[in-house]
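What follows is a single structure, and I will ask about it in a moment.
In this document, chain identifiers A, B, C and D correspond to the written order of the chains, with residue numbering beginning at 1 in each.
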């Protein structure tokens, strides 16, 4: 039987020489002030085991990791209709590029680039209930943690620095891809990005994706088996900004990253894993987090390929 | 134990209503003359079983499937140096687009778009021996079939219709990405594309990718375990033209397609599968072949996600 | 001596077969409701002659013609500093494209595409006084007509359909190219576009550009001689959307057009001419207006080339 | 009466501080070896006067200036049919960009970017007679100088460094925009670029464009009056690479430049002027040549605006 605790301890030890090779996201001051040498990692197995190392209990800004969970809610609400409003192909461009959008009539390539995430939020906002509360409550339920909440300093700072996102939203609105008010959309999107969770929280929240949707941990069917497979597929082809190919090559797991330095990944049938380290590589993914996951799949001989 | 023969028989039966929904590639007459309702499929298991249905024994033009095997030879020759000359990220554009190439200094995004394949051929041509013979012999060895050869009518027709490929090669030569003579490069590339193999051949040739490189069928280590995992990763993110996301979502296997209507896919640890049906969808992948593989992973409950 | 009245009469006569070949702008209802067979034309000579035909006295929506006059105000206020915030090269793309803007760090190619016009308005808004009032008063002075005003129905309709302009403004704001509040900017921009002037008004307003800035008609130096030459140059290379080359080839005059169907042009040293006909060609310029000007330069043997 | 000799002498004097601010084209060694501080300028008036200063009698590589004359031959041969194969709009991109070509089905934007020039050469090559000889003889006739010839060292060096041009030609061939053999096309194009002429030669060759096609100097009608006007129009909107707007703003004359450092310009009705100085600005136009022409139009109070 795999000794995950020993593996995590060894990984944490080996990460030390890797600090200082990336840069902390600093497009808003609130993110830039995080200590760059943070490192936490949690493995949550399908049979209930939870193994952590380092700063795994410390909440951090989930940022784009939220896109993974908002997609789940949108798929629950709208099923395959989601894919008539957003594609599932890699964009080949930076996460915040407007070019493809202009060439492709305002339909975003996938739900994990900003333009696509804005569409999934727009879908939630067209439904009943407060979208912000639904997102927060969904994460609280998945993470079994009722203290999860947004960091309003981060949220307000994001809202104040969202001109590129506003440009995207208005361009999509011109194409009929966005229905709700742009400022309310940006506010909700910045809310979801500013939610704070720990590696422990995130590993639990991602577990359903590893077990075909029914999780003993939650005692409930969170997602259909088919939805799980499909979300995992979208993570592999679109989950790591414009570094998906490199990540698949090195790590080989369905994963989603955020500029807060978090990455969640799943080993189908076995476990979910979350890692956090704030320094980013040039694609916007956690530098140390990627190295740690590469070592993890190598040591555990997991990986989907 | 899975009754693959029964599964293939059922799939073949269910494919009938799907003919006529795609279009046979016709950019060269020799390809356009293939009967559109051909359908063949072969499963080659890791423990030696081989199961076929329909036109599985009929050789067809492998076209871009050759890119998968030329990449393997280049990786054997040059190891990770391959990735200094070609990327491993999806391009987000059509397989024959020159745009990204111009913006990115002549370095192709990945080895499975035409520009990237030209670079891997260029690498082979810089080595010892005749590149064409090496490619043919590699495929003969992997398929355990010494009659595999190029169709010279197709080859000459491709050479005569290769202006876009020549444009790409010259643009890369201007950036120093291509070293050999462009006409010789085009001739070699058209040779590899015009090789003909059957589903039976291709399923054997792809088997090493399913078993970490060592194949009992071949009695030899064809590739390193790491190379296998990595090639599978590149297949998932870049193997199906600009339909990778949709294919991962529907089928969920590492795969490579060709405009001749062939697709090879692997279920790691279990089997390789090849399917052939000439009608293509708008992304350039076999329409019926994709439906057949979707049904196959659904019936066998395989898939990497 | 040229008999301008006879020439205009003949042109008006010859325009009849040209109606129905273009389409009236209909992105907002208020514009689409204009009668498509309107035609007016006025020649204003440097020595005070004014010759008109058809609907020359009827006010219409000046739309992008306003960009010509806002540029003049910005050049008066800021001199050559204008050109540090906006280029003077043709864009090669549609008037409302965002692509170049993204590739070129938010600096618009020229002041006559929408993105560039937004920058010149932004400059006016950073100065003293109400920008809207300044623009209106500048046009009233130039046209010697105190009844010039905005059409608030058109203005409000434009504001409600300005999502692409908002996208541009936010993208430029993200790059630091826009300083003021985006909604206020859009409101001012839509105000200037919704101003209504007749051919008679516009021919007077454009006259200073034909006479090196000092106009006897106005009894004042409106612009410096150098500013006139330079604005004329920018009109030739950037004034007719993506039809500048074709217009220079056919007509050969510095000119600016608007989607309301108006075109103003100058024959340096001689006259200013304004023409109005609402049907547009595929580049967004008045179809009949262009034919009329082509005939005018041919009959009067004018043209700068 | 204007004392052109005195003006040229003063300009030559004032150019000194401007050397060293640009860079000599060095994409082929033969061009890079030219002395950077060369400066020559010739004014050829419509009434037969010829005024020169500096290195005006020294032949230099005309490079893209040849495009102006090959366009004239093509227009003589094919009339307006030229414009069905090449546009007349500015491209907004670098002279050697392939992007627009890909988006616009292989039809080049105008005859003065490389792709467009290749189309006009292709037209000449489809006609009778040796295209190279026709081009050379046309220039000999216009310049009244039978010693004009190609520099074969430059020509061969260009042929050896023409991979981007070959890429363009093959891409256009794939779209049906080019009919002849690509290598022959490249050879002819490199021949025309490697022709050598002096400022004196070029000022005579450009004179017909200043006088509506009939030139007393040549005692013949070289071009129709309409063709002259139209070529001048294309020069203003497309003649100076991606610096047309800036050149029109500063100099205000129809002009064409070449990377050999030459610029020819015309003052309609008055004169043709040629200037040569090898250092180029970032748009690829002669740095000192542009400053000299700016001073020339300022001192002579000419300029079309």
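By definition in this document, contacts are C-beta pairs under 8 Å (C-beta built on N, C-alpha and C of every residue); 3 or more make two chains touch, one makes a residue touch a chain.
A quick note: this is a predicted structure, and the numbers were derived from the prediction, not measured.
J.: Give the label of the chain whose average Cα location is farthest from that of subunit B.
T.: Computed centres place C farthest from subunit B.
J.: Quick check on subunit A against subunit B: do more than half of the interface residue numbers occur in both copies, making it same, or fewer, making it different?
T.: Looking at both copies, the contact residues mostly coincide.
J.: If you average the Cα atoms of subunit A and of subunit C to get two centres, how far apart are those centres in Å?
T.: Their C-alpha centroids are separated by 48 Å.
J.: Compute the distance, rounded to whole Å, between the mean C-alpha positions of subunit A and subunit B.
T.: 32
J.: Using mean CA coordinates as chain centres, what's the gap between subunit A and subunit D in Å?
T.: 56
J.: Can you tell me which residues of subunit A touch two or more of the remaining chains?
T.: Within subunit A, no residue contacts more than one other chain.
J.: Go through the chains and record each pair that touches.
T.: A-B, A-C, B-D, C-D
J.: Applying the document's contact rule, which stretches of subunit C touch subunit D when the two form their complex?
T.: 87-93, 100, 109-110, 228-230, 232-234, 236-238, 242-246, 248-249, 252, 254, 268, 303-305
J.: Can you check the complex and tell me which residues of subunit C touch subunit A?
T.: Where subunit C meets subunit A, its residues are 97-99, 102-103, 163-164, 166-171, 173-174, 182.
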